[in-house]
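One chain, chain A, links the two complexes that follow: it is found with chain B in the first and with chain C in the second.
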Partner chain A sequence: MSKSDLNIFLEFSAGAELLFGNIKRRQVTLNGDEKWTIRKLLKWMHANILTERPELFIQDDSVRPGILVLVNDTDWELLGELEYEIQPNDNILFISTLHGG
Partner chain B sequence: MAADSEDVSKELANISEEIRSLRLKLADKTRQLEDLQAAQRADEADNVANERSANSIFTPRINDLTNDEIERYSRQLILPGFGVTAQTKLINSSFLIVGMGGLGCPAAQYLIAAGSGRLGLVDYDTVDRTNLHRQTLHTERTIGLPKVESAKRALEQLNPNCRIDLHKLMLDSRVALDIIKQYDVILDCTDNVVTRYLLNDACVLLNKPLVSGSALQFDGQLTVYHYGDTCPCYRCLFPVPPPPHAVTNCGDGGVMGAITGVIGSMQALEAIKVATGVGETFAGKLLIFDGMNGIFRNIKLRGRSRDCKVCSENPMITQLIDYEQFCSMHASDDDQPLQLIPSEERIDVFQYIDMRSQPHLLIDVRPQNEFEICRLPSSVNVPLKEILDNKFIERFANELADEKLPIVVLCRRGNDSQIAVQHMCNKFPSHAIRDLIGGLYAWHYKVDKDFPIY
Partner chain C sequence: MPIKCKTECGRNAVLKRPKTSDALCKECFFAAFEAEIHYTIITNKLFTKGEKVAVAASGGKDSTVLAYVLKLLNDRHDYGLQLILLSIDEGITGYRDDSLETVKKNRDDYQIPLKILSYDELYGWTMDRIVGQIGRSNNCTFCGVFRRQALDRGAKQLEVDSIATGHNADDIAETVLMNILRGDTARLRRCTDIRTGGGENTIPRVKPLKYTYEKEIVMYAHFKKLVYFSTECVFAPNAYRGHARAYLKDLERVRPSVIMDIIHSGEQLLFKDTVKKPVRGICERCGFVSSQQPCKACILLEGLNRGLPKLGIGKKSKGDRMRLKQDKELALRERANLVKNDF
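Showing the complex of A and B:
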């Protein structure tokens, strides 16, 4: 591990994990020499770990309607959404909203 | 011989029917007996009370609670932080529960037991056997009844002090405001996206708090919308509805009954807190429950959106709209039969029976879990996923080498099988690949009513 690694945790819940090899939580290592926003992370996820039907996750360079993004248990809207700059050890959770009952 | 075995199966059917009707009679008599015993016990208790108060000293009351209420709600009245004030507010409050399913049943049960003054129940549907594992107010005896009727019967047994109003209808833009305005707190216990947007907008327009719960498989979610100055509404969080193909309902994805039990019970708790002003609610927060791994998480949500189409200062939506159109979906969790492929590529169950004796390949594209529940003889399981990622080509290389071998594809209701046929026909245009119209449902309804459906 070099000094410039950016380690973060990605989590998926309420069905979003099915698009990512059914893994609910994983640590990923990004190149820490670069600045990482959520916008850039989504592209990286699409290229590297998204295994099923990308249209169920990505739409117009953002997440599709109905998926909430939460950074360290806070709604990403409070943090700048796509422009939020990812910090070391951030925990980023992608959750599909449920409609059943 | 044939006549004999016919007699035997008739006799079997008769006896089964007789046992069934005797069981119903027994249950009826048992209930009559229990009712009489309960009345007798109540009389005895009253007599004892009357004897004691024979010397007629009048002790003035200090609140509006009856003796029945004081006894019934005693464990709430002695509860630090609740007490007579909150209980009295609860008795003067009304709640509308939209959806008497897995969430609505426990929510109604706790609201009525706790002493809510008035409960409104909304549901257009009737009880069926697939409901009973999670919709715990409905019983074997109420299968076929409207869910609101069935629920009322059970709830009246719990607490006769509460008024219950029934709305046996599908909530839509024409009726929603008239119904919702009669209640203080609204509970979203529905099963579909369309009604969720409708309820949200109606609650914002009428300025009512909305306690929202949802569940699927092992997951549950809970929050309170439009309660307090900064609290977002459903549209603040989800201005655009999800694409229809990204939405899974309980009938397709499954749901664990205890998950709806947890979330529905929490909806009752949130509704009680909203009505009484006790405690801190989930307004502005989202509870995420992962029941498979035992994880509860509490998420801080955004505030009210300045651009929200319904709850901002200058809303664009000032009356209810057409929500089925807005969501491009239907307001029920029923699957609509699709016609994705031309009729020439589809056969019905009787055509299949005719060709069954000839060599053919019968592919069942349901998930493996469902293939374990029931299947047609000689069918092979190739889940839709393995069709779409072309894994089937290698597995059936020998069969596919023969262009003349007919291939029939089926699933539960005949929708996924069409997707599979569409994909396979593109790969193998000169093969005869057909979808079985209506799938196993059609097999049950048209061919063999003893074949299980789920």
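Showing the complex of A and C:
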């Protein structure tokens, strides 16, 4: 039993949800005793919830280029990208841009 | 320790602009995004006051943002344009029927009239039926060729002065790469043009988002909560473009300016006089722009109607042979019929 749970929200849009069981927003509970970065979260997502064609989402331990990541509606490029340390109740949004327009 | 907006407006930054690396807040990003598109429109003289402009609308992110921004800039800067959404219904169940719903929503949200033209009414064939004939290998050729002409036909029907398309900077950089990889000098020559066509008998096409990064278009749509459609076509996605796209995105990660750099390279290319230049003429069958006689759309259509769907695929000589063979067979059958009738 962990002392604390780390609850966060994961959100997918513009087609990214198709790789995750077509669920647009979900709450996930991580082990709060550990430190969670986005790098580690991506590994967890790959192992636990990435159901379709993982190569369309993950590439070289990061998200595939062209997928935008926003933490609480802020571009992850301003937050340290993979090294960002996840906080309780963070909302992490993945937007796919890899389709025609 | 949130990062502050670079403009010193006091607000927190929400994104890093790929073009400039600036950290901007939502409001300053909107202002910069819109001002740059306005600048592109003005410096390239894309429109003239009083013109009627068709916005090629697919329901996707680019055309949705284009329609929204054109409407906004038209009001803000008094361009005096009459905007109209033009959508093509290729007849692809589960794809275009859904995206057209998004376009209808754009029509209502932005108060821009909408015209939908279908392949069925233009050519007598829907993509669903074409795929039934040709299978899933060359169907994208049909779709692409027909769509290009369908926009021209729609624009003619609507009597517009120009067609605005949602091609963004990433699209154009991709196209430059693809044309280099294919050695397609004719397309390489014109693919970076912000305005194409516009001679006699042709309606010019303009690309107001030519210098706008895809990331910013997606971010803009997200922060403005614009509704767009984002499902991949149910038929084969364009594999070759997909590779060029993935390659470009990999490069962009290392060096975000690569997109502008490739566009710049494309713009500066000069061709030797010895490089063959296709002559743009008018198809003698349908009267629309073409560099060959008859145009590709007419050949593809002839193939479908003759029951020779591969007629327009591949070399012209192969198509001529197919046509000849079928004519011979038909003539033989005709003669056989005549003989029978003698009894």
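To be clear about the criterion, the second predicted complex is superposed on the first by the 94 of 101 C-alpha atoms of A that agree within 3 Å, B and C clash if a C-alpha of one lies under 4 Å from a C-alpha of the other, contacts with A are read in each partner's own complex, and residues count from 1 in each chain.
Assume a contact is a pair of C-beta atoms (placed from the backbone, for glycine too) under 8 Å apart; a residue touches a chain by one contact, two chains touch by 3 or more.
The structure presented is a predicted model; accordingly, all values stated were derived computationally and were not measured.
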| item | value |
| --- | --- |
| Touching partner for A:Thr74 - first (chain B), second (chain C), both, neither | both |
| In the superposition, chain B vs chain C on chain A residues touched | B |
| Touched partner set for A:Gly15, first chain B, second chain C, both or neither | both |
| Partner chain in contact with A:Leu56 - chain B first, chain C second, else both or neither | first |
| Partner chain in contact with A:Lys24 - chain B first, chain C second, else both or neither | first |
| Which of chain B and chain C A:Gly66 touches, first, second, both or neither | both |
| Contact residues common to both interfaces of chain A (with chain B and with chain C) | 13-15, 64-66, 68, 70, 73-75, 77-78, 95-101 |
| Footprint of chain A on chain B - complex, ascending | 99, 101-104, 189-193, 196, 213-217, 219-221, 237-243, 245-250, 253, 255, 260, 264, 286, 288, 290, 293, 297-302, 333 |
| Of chain C, residues touching chain A in the complex | 2-3, 12-16, 23, 58, 60-63, 166, 168, 171, 214-215, 217-219, 222-223, 228, 230-233, 245-246, 249-250, 252-253 |
| Touch list for chain A against partner chain B, complex | 13-15, 24, 55-56, 59, 64-66, 68, 70, 73-75, 77-78, 93, 95-101 |
| Interfacial residue positions of chain A with respect to chain C in the complex | 13-15, 64-66, 68, 70, 73-75, 77-78, 95-101 |
